[in-house]
Amino acid sequence: MTAALQVEGLNRAFGALPVTRDVNLTLERGARRALIGPNGAGKTTLVNLITGVLKPQSGRVVLDGNDITGTSQAERARRGLARTFQINQLFRGLTVIENLCMTIGERDGHCNNMWRSAGSRRLVIDEALDHLDSLRLTDDALKLVRELPYGRQRLVEIAIALAQKPRVLLLDEPAAGVPSSESHLILDVVAALDPDIAVLIIEHDMDVVFRFAKEITVLVQGAVFTQGTPNEIMNNEQVRAVYLGQESHRGGRQGMHHG
Amino acid sequence: MPHFAIVAVSILFDGLAYAMFLFITSVGLSVTMGLMGFVNLAHGAFAMAGGYLVVTLTRTLGFGFVPSLVIAAIVVGAVSVVFERLLYRRLYKSTDLEQVLLTIGLAFMAIATATYFYGPIPKSVPLPDWLQGDVNLGFRYFPSYRAFLIVLGTALIAVLWYGFERTNIGAKIRAAVDNRRMAESVGINVDRLFTLTFAVGSGLAALGGGLAIQLLGLSPSFAVLYLVLFLIVVAVGGLGSLKGTLLAALVLGIFDTAGKYLFADAGGFFIYAVTVAVLLVKPAGFYGRE
Amino acid sequence: MGASETMTPAAREPTRERAANYLLERHRFGWAEALPWLIAIAAFFVFPDRMTFGSQVLVMVMFALSLDLILGYAGIVTLGHAAFFGVGAYTVGLAAARLQWTEPISGLFAAAIAAGIVGFISGWFLLRYRGLTLLMLTLATAILLQETGNLRSDISGGYDGLPGLTFKPLLGIFDYDLYGHTYYLYALAALAVVFFFVRRVVYSPFGQALTGIRENVRRMHAIGSPVHWRLVTVYTIAAAIAGVAGALFTQTNAYVTLTVFDFDNSAKVMVMLILGGTGRLYGAFVGAAVYMVLEDYFSKLSPTFWQFGIGLVLVLTVLFAPRGLLGLFEKVGEYFTGRKHS
């Protein structure tokens, strides 16, 4: 069966500095893969290459069997590739529901319509509210995004990605910057994602990684260091040395991950 | 000498003089925009102010032309610091549009003030003898004033180049233009650097304004009329680049002169056509970043 | 908001209804929207001898409205909007002077099409750029058009222009009169039609997408929005409307010169819009009217004083009223009603 996302031999350098070196990665349908690595390993750069924000110098990106290496960022999004940013990229001056309606409108081509009032598209509004419901954001629907606490803004960021009805979802440190009192909101959402979506999550927090991931890719200095199941990675001495270091993850590793 | 060669040399000579003026006046704008990203459309007003100061110094106070240029440059440079500290500073984080509007507003106020004190009619300055008349370069006579412009421009380029490329401060400026945050994190006081660059740039603009009186004529509308040109030079050359400003000044200055020589009425065309051509291919200008 | 928030479907309904209503309500006509039109009609009766001036105000309102689409809604800053005004003005002028085509209403359509085409082509090329590059490219476009006109001054009349144009009576019945009454109502009608169209666009899903592009273009790319096409579309529409404004200008003045392409014109309309407030449609009305009235009064008193004044107003607006006069009204309104608007 064709993989949802396939990355082959991706290479990218900034001037003389290689930031992505011959990366191969496969996401099957329903994948739950974590991308980990030390700071500066090039994780976000890899996501930028996959989503089309950056162009690779060599290599291919294949989505559902289609080569999308030459396509634009927007085109990839339209084909079912969604992402969240490490720092929220929201429409801060608009209400939460408008953020969602905008996303759905662009997805379904509503935004090509110049004549009918945006408010009259009942279907879009209903779907937007459904998404908000599933993320427990309904009460915030009419609030301006910039008035929400950061944790809830992060939820909106994820809501937007989900509203794109993606086949492949790339989450860039979804819990980053969220106060620990609110981080469970994010984690619950990530845990409850549609099993059909292939998900790649960049994460630093090992608890999150082990709770969520079925597979882990370790990126070091732009190249894939090793890949494997959480157990394999945990027991890999080299990974410990390079990345986990002295720091043991919080006692009582939650060995059970989602299967 | 064959006719076309004479025309070519004339174009080159006049074009070069014009280019020197463009460079001197625009280089400050390029560096300040590259350094702080601040769109200062009042730059033309600083040039105009310099010009009018020279007029007053020479005609009312009896100073010589060259000393007046120096005084005007220093005075305007100093006054610009006041503007920077009191007003511009508040808008460093604002949008481009707001900076454009504020500085255009200042330019309008400056133009109105100049009209009030000096009237709308173009002014002239009394030139010393050695700047009047022609100088004999062997095969042709050239206006001394333009020769002076070329010599002065070259000298200034040399001084600026040395300052930019060889001194500590120049290195700091280049670093800050390249990556401000990194420069700040290694301890460079970018704010003070900017004030210095701004002062020097405005002083140079004033010098350019003083030089323009004889070359192009000085009236209050100078501030906005020639602003367009300075912006074009900066955009085509690339923000924050000395080399770029020079190259752009040369290309645009010579093309514009050639256009006016060869096509009289249609002459104005060229400078804008060249601008569009360059920017479409290199949107950041000759030596701009990214 | 940490505890589990499982709401029953019944409990969720009110929020849903509220949200849906909120979005629907916003686009209905508010009673305050009638105000500018009532004022415009009232002016017809209260100042019957200032109607030629009144037409010029309406022309500038339309021009500023077209700029609001680009600047206020899509967030694109340009310095060459006068290019489209000029194309529209000269379409009508040339048609009348060289082709003897003097029917006014068809002239408006022709101007819209001509300016729209120029807008489409220039937008398609230029809207890939931003910042200083875009400012310079749009400025250069306007100047190049002006210079082209100057090149063939035998056709265009150069800077002396095309004077003494005459136009056929509107709809075959209403003729031009010395006091400009007919033309004022004609301009007002044209403005109403254009405004109705612009208002629909702005409140449509497309208009919403424009706001998205202005607020966060990175996000728009990431959700699959064809950003460049959206921008080219709105740029074309705005150009067409600016063209209609230019056409009205020629018709109401019976005269057009190359100065319509001046940078001064582009700057003036931007000042008007900023003064009134961008992204609000009615900012164009307020800004253009206030500017024109002040200019008319002060520049007769002393042009120098006027220039100084407008410069000062600009500086003060940027420093203290960045959202324009309408923004100030809103703030005052909030203060009294205690409600916050987005």
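Just so it is clear, A, B and C label the chains in written order, and each chain counts residues from 1 on its own.
Note that a residue touches a chain if its C-beta (ideal position, glycine included) is under 8 Å from a C-beta of that chain, and two chains touch if they have at least 3 such contacts.
Because the structure is predicted, anything quoted here is derived from the model rather than measured.
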Neighbouring chains shared between subunit A and subunit C, ordered by label: none
By C-alpha centres, the chain nearest the middle of everything shown is C
Chain pair with the most contact pairs? A-C
What is the chain whose Cα centre is as far as it gets from that of subunit B? A
For subunit A and subunit C, what's the span in angstrom between their mean Cα positions? 41
Distance between the CA centroids of subunit B and subunit C (whole Å) is 34
So, in whole Å, the Cα centroid of subunit A is separated from that of subunit B by 49
Using the touch definition up top, name the residues of subunit A that touch subunit C in the complex. 51, 53, 72-78, 82-83, 85, 89-95, 97-98, 101-103, 105-107, 110-122, 125-126, 129, 133, 136, 138-139, 141-142, 144, 152, 160, 164, 181-182, 185
Write out the stretch or stretches of subunit C touching subunit B in their complex. 71, 77, 125, 129, 131-133, 135-137, 139-141, 143-144, 147-148, 150-151, 153, 263, 267, 270-271, 274, 304-305, 307-308, 310-315, 317-319, 322
Which residues, counting only subunit C, touch subunit A once they are in their complex? 1-2, 5, 7, 12, 15-16, 18-20, 22-27, 200-201, 203-209, 211-212, 215-216, 218-227, 230, 342
Residue positions on subunit B within touch of subunit C in the complex are 33, 39, 90-91, 94, 96-98, 100-102, 104-113, 115-116, 224, 228, 231-232, 234-236, 239, 265-266, 268-269, 272-273, 275-276, 279-280, 283-284
